[in-house]
Structure formats: C-alpha cells, structure tokens
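Here chain A shows up in two complexes: once beside chain B, once beside chain C.
Here is the complex of A and B:
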C-alpha cells in the first residue's frame, strides 16, 4: 500500500524480447506504446468503421503460422470485416455494443429487434437494484443505451450514423459502464454459478464475488474474461460467439459460445488481450 | 445547453446532500462550483487515534467524472493538516484502491468520504507511510499521476 514508485496497481510483469507478444494484455500494450512514444492508443477511435480482415492478417504476417491459418479460415468462410474497438481494457464491452447494434440494424425487422433489446435491458434492471446499485446513479449510464435503442422507432440508423454515435466518448463510456453494471449485477445475483470461476487475472487466486465485481467488473479499463462474457450474454439474453485467434493447434478455429442459443449470435474476434467484432459483409448487405 | 454527465451527476449528488444531509463526522465545507468540493472529516467515538481531530478532504472533479475518479487530497495549509496515517503522505496524497484501480462510476463524493473516514477509523498507529519524504519530494501535484501499488486490501 505504501510503495508508490515504479509500481502499478497490478503487479506488472517484465516485458522484454523473450515475451510472447501475442500474450500482451491491452494495458501492457498501452504501456508499451506510451513508453515507445508510438501512436498513443488514446488517439484511436473508440470503435472503428469496418476494415477488411486482411488488415488484421497483415499484422500477423511475420507471426505465428497457426494464427495465420485461422485468419485464412475465417476469410475462406466469409468472415471478412472487422470492427475494431480501442484497446483500452473496455474493448469487450465496446465490441459487444457495436455487434449488438449491428445485429439489430441488419435484422429483417430492426424496430422489433430494437424493442426486444430494450425489453432485455429493462429485465436486467431489477438485479441491479437487488444488489444495491442506486437507480439514480445507474440510470444516467443506461440512458444513452436506451435512447439509441428507442431511436430505431423513429428512424432506423445507418451503419455510418451508428458508428458516429458510438464514437462519441461520453456516450460510448456510459454504455461501457452500463454494461459493466449489468454484468456485475448478474454475477452477484448468480453467485452459486460463478463463484468457482472468479479468479484474480493477475494472481489466479480465487476472489470473493464482491471482490471480483469490485475489482474486475465495475471499474472501467478492466478486461473481460469468460465470467464477465458469460454473465453479460445471459443477463441480456444474447448469445455471443467468439473466434479465438490463439496458438492452439486446432482444425479451423476455436469458436467459443456464451449465453443462450440465439439466432444470429454476436460474433467477436479475440486476439490475446483484445476483442474486436468480426462479421460477414455479404450477410450485412 | 446540454449539461455534461459530470455536471448532471454533481448536481444530483449536491441535491442529495442538501436534502438528506451527510453521515456523522462528515460535513460539506465548500461546494461553490462543480469543480472543487471540500469536506470536513472526523472520526467519532473514543476508540480512535484521531480523537478531537478534524481533517479537510479536497475533491477536484474533472470532466471525465464519474467515469473517472476525482483528484482527492487532504488539505495541508495553516488551518488543516493531513492525518498521520500509514496511507496518507504528508503532502495530503492518499493511497486507496478506490482512488485508482478499483474506482467504480457508481461511487460518489460522499462514498469516497465514507471510505476515507473508515480508513482513518481502523487505524491503530499514527505514522506516515514508509518512504514518505522520498515520495513527497518527487510527487506530482495531481495524485492521479502517481502509480500506486496496493499492498493490502483494507481500503
């Protein structure tokens, strides 16, 4: 508690030429880019317009052939667009948000889907009160999400207007907080399910539900792991499928599913320490 | 004009304090604007090493509040001195996990005061943190620029 110099709130590991670059976390990448005076991560958009998957492939050109094979598999199977979230520790929640809205936007009945999503958020609220979050305080964070969902009633947005709105820092950060609180409330109200899996990401020691939520879910900038992803997808009743671009030697790719079986689940792309959204362009057209 | 979330939240918190008051031992001294508030904090009862002492806690809110935590320091001037506490440096800087990696946007100015008050209440021995002088000599004015390492989880 008293050591102030050189430390970080999390025990920082030494990163050098022996470090496996694919294991870097968002925060480590942020520290590295800061210290190298390279492009500051905070100057990147919170959520980007889609880039072709080949852009991601180029970043791995000299990297692991296993990862390259997986990227090629995605490409060959039509997963050709990546919507990037800023690597600031909130990328899962931002990726979830953009995928959530893209799913509504490209459904056959956007208004209906937006209304269903609105209802799903409303149904998550009692748990938030139950665990003691003050409605006066959390409504402020939920409002931007609900306004965007209600917006579909008046006028269906375009991809461009959606991205513009989600790039607004205050709006995007509020939605991140809202999703974090929904996630926390779900974990806290399903302690029996989650408690065996709540480990500190730095020490791998078990944490109490309260400690886990206070340390790893509620604060912004803390990366999401399986527990958070499972909780959010269950809380909003939205299936999530994540393509893991890891180095495991598997045929094709590891798609890991979370939450309920949903038609058109959200599809995210995971690279160690980072989440983006991956979509099939021809399905969106 | 559309108010920022920071101003809306602070107005809400101020109204709450005005209507419901503050907990025992915590008093709002100054909130003339939506930027800097000062609270007086004392630990009540006989079981405290700070019996009879009152401290002034300054909260400076930036536009990122409440997504981001405020700058929180104890005043150190002619009238008020920071408490002698193993997590409080003599320049008023405080090492507490909620003022860092465990800040949550549903915390408030008042919940910061309550946490700090209970941090003081649980103190058994009045002393400065080890390395106080070294830290104070090189500390930035803004405590948020210090990277704290939390060695215990009692605050």
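Here is the complex of A and C:
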C-alpha cells in the first residue's frame, strides 16, 4: 500500500486564522471546502432545507470582495435561497435532483411536468441497455426516482415532503447512481462529441471514454465536471445554468449554461469544488 | 438499507449459480449472506492455469454504494496481490467501484487481473520487481505457487520435470545463487529472504554487488 502515496505536486502553505482570506486561490478554497466536507460530512444532511443567501454571504464576510460582489448581485436579482447539498462528491447529482423536483413543483402544471420528466427518463433507458448496463441493476436504482415522479399524479408534494424524501440515504443514493448511469450512458453513446473533453481531473491527461466513465462518472463520490453536467442535461433534455462564485473578475456573475435551452432551467450555485442549488423564493414570486 | 442490500446479494448469488458458463462460484459461509467465498479457475495461458482460486468476500453495510471487500484466500504470486495477506490492489475495489458492478463481474475482473498484472501499481513490491526484472523467472515462480497452493497439476510445468519445487523455486531464485551464499555459512532462510528483497534474479544479478548482499546478510 505504501506504493500509493501520490504526493502533492505544489507544496501547500499552511492556512489558519491568520491567513488573509483574500489571498486564497481557487485551488486552496477547493482544498478547504473538501476537507470541511470530510470532517463533518456524515453529520450534514444530504440536501438541506433552503437557507437564505445571506448565510453563504456570511461565510465570505472576510473573504474575496469579488465573490462578495457576485453574491450581492444574486441577492439583488432575487436569487435568495440556497439548497445545500452534502459535500461528499455527489453534490452535483443531489443538487440536480432537488432542482429537478423543485422545477416541477413550482411549474404551472406540476402533473404535466412530472409526466414529461418521467418520459425523459424513459427515453434515456435504451442508451443504458445499449452500453451494456444490466437492466435488473439499473432499474432498481431508477425505481425511487420514477416513484417520486409518479407521485405527482396522486398528490402534489410540498417542498417540505420533497426534502424529507430526498434526505433518505438509500433513496437519495439510488437516485445519484441512476443519474450517474444516465450520464455515463450518454457519454458512451456520444463518444465523438465528448472524447476531446474527457480528461483525468488529477493528471489532466486524456482518458478513453470507457476509462473516464468507469473512473469519473459511475463511481459514487466522484465530482462532476463540465462533461458530466453537459451529458446529464442533454440526456434528460433539461437545461442547467450554473452561477460561478469564483474569483474571476467579471461583470455581475458568470452564468454557464449546459444542455438544451429550456424554459426555467435548473439553477445551481458553484463554489470551487462544490455545487448547491440557488433559487428565487417562490412564495414571494 | 439492509433489506435492499440483502435482496441484491441473494439475487447475485442466485444469478451466479444459474450461470454455468462463467465458471465462477459464490458460496455462503455459515448461512451469512454478507460473508461469502468466491472461486474461479486460473485463466488459461497464464502461470495460474489449472489452479483454483478462492476469494474471501465481505459485503459492507453500504453495499452496493460502497465497494465489496475481497482478498485472496489461496496464495497467489502476482504483483497486485500481497503474497502474505492476499490483499488485492485493483481500482474497482477502491475508488473506481460503481454500484453497477456485481460480485460476479468483480470476480471476473480478478480473473483478468491474473492475466494482466499492473506492475507499476503494485500491492506486493517484491513480486512486482521480480515481474519487471525477469519475466520467465516470475512465470516459473507463479507456476510453482499455483501447484503448491492452488492445486494446479505439476505436469504442466516443464521447468521442474516433475520434481517438487524447492524453497528457492518458490521464492523465484536460482539455486546456484542461493548456494553461493549458504556456502559462506549464512542460514538458507536468511539468504532467500535477502535475495528476494534485493530482487537477485536474471540480469539484475550483475547489477547487485556481492558486498551489498553481504551487508544485508550481516544485518
């Protein structure tokens, strides 16, 4: 086992309470976010009830003014609720899930939207079979997602019941796996589009489509990057917009769009190494 | 969580028993569905051919979201398997595990690991050095181990001409190299352990000065 020490390429400086927060690089912020996640990862809910954006702002109080300006821009434009996902490497998929259900819930016709979503999932199935996943296995992972979607027919859930359902570990993990498999199947069946972008997140060297999917998409706990986000949004035909809270100097904020242009795309909040969901408060809208 | 886990494991055991073509078996120990023994034949055209390999399988609480734990019960001479503990270095048993993998597909991956060692990501560094320095010698030693521990028939091995493998054979060392140091009065066991550690094999022998070996032997 001693042969596995990777060794850090760049010597990491010690970051403590004396460090000027404005000097943190994105990489350092990512490392801090990750280690934060590891410490209390199991004590945090898989997905939280919404917190006001000001809670996130407080975390950056002594931090980068660039990030603060972006948070203030979100606030000023009505993006005031953050649904936090646990920082365990599955945060993109969990964020996608809650955003997907919130979009249905707050649409003018929740039943119709739930049926459309159900259809979209069904349309992703042939690709999964085509790339050789065992239907017995992936159907088991898809079932909780489909049950929740079918649930809109009987009784429209509330934000509260949705959160409760998605905080159940087994259900939430099944949905994460289902979305990972949908993502993988889409990348594998669209190799020509994706292959130039399939790089190892640690070495930045190109990976084969099979290696990328086996190592970076299918296993739980592996962070999603642009390729995975693009693939999932295309596969389920659902636009995703991500607000980047990084330190790049831009007007307003960087919104990066993925997938098809859909009405009311899912809106995620990205901080280096982590995804949450950001929404406008629907009660006030 | 455990209900789904139990259902899935029971189904996997049933499916594997139904599948007669893969030659892979999964059996319970003491009626406990979460502690199993898997077994498969050594792959053809490898030093492991003819051997029969048993694997200890533990299903963790968070299965299938977390990887199954596997280690060889049968001793194997292979760069990615600890020759002492049977621990296995394979990506899908660690961070490349995915919930669509099964006990059977994982055992098949172990089988293909026997076909294609990954010496630059070793579990057993000494064995990996042997593999890289002297492939023919490595193959012969792996065959000796297959006969001694995995019931591979001896007739398949030309090198021994039916003679039982010696302790030097089992360590992948040439008898004349071992004797050249035991003749100096060092205990045979000590000589074998030192030569193994120094990878005193094939072309590598000319790279290792006698004084280096003696230094180790005097430690």
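The definition used in the following text is that the second predicted complex is superposed on the first by the 243 of 285 C-alpha atoms of A that agree within 3 Å, B and C clash if a C-alpha of one lies under 4 Å from a C-alpha of the other, contacts with A are read in each partner's own complex, and residues count from 1 in each chain.
To be clear about the criterion, contacts are C-beta pairs under 8 Å (C-beta built on N, C-alpha and C of every residue); 3 or more make two chains touch, one makes a residue touch a chain.
All of these numbers come straight from a predicted model, not from anything done at the bench.
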| task | Check whether A:136 is in contact with chain B, with chain C, with both or with neither, and answer first, second, both or neither. | result | both
| task | Check whether A:215 is in contact with chain B, with chain C, with both or with neither, and answer first, second, both or neither. | result | both
| task | May I ask you to decide whether A:154 touches chain B, chain C, both, or neither, giving the answer as first, second, both or neither? | result | neither
| said: Between chain B and chain C, whom does A:205 touch in the aligned arrangement: first, second, both, or neither? | reply: neither
| Looking at chain A, does chain C or chain B touch more of its residues? | B
| query | Is A:173 contacted by the first partner chain B, the second partner chain C, both or neither? | reply | both
| remark: The shared contact residues of chain A with chain B and chain C are 1-4, 133-134, 136-138, 140-141, 170, 173, 177, 181, 214-215, 218-220, 222
| Which residues of chain B touch chain A in their complex? | 4-5, 8-9, 12, 16, 66-68, 86-87, 95, 97, 100-106, 108, 129-131, 134-135, 139, 146-153, 155
| Contact residues on chain A for chain B in the complex? | 1-11, 133-134, 136-138, 140-141, 170, 173-174, 177, 181, 211, 214-215, 218-220, 222
| request: Enumerate the contact residues on chain A facing chain C in the complex. | output: 1-4, 133-134, 136-138, 140-141, 169-170, 173, 177, 180-181, 214-215, 218-222
| request: Would you mind writing out the residues of chain C in touch with chain A in their complex? | output: 1, 4, 8, 11, 65-66, 87, 89, 91-92, 95-100, 102, 121-123, 125
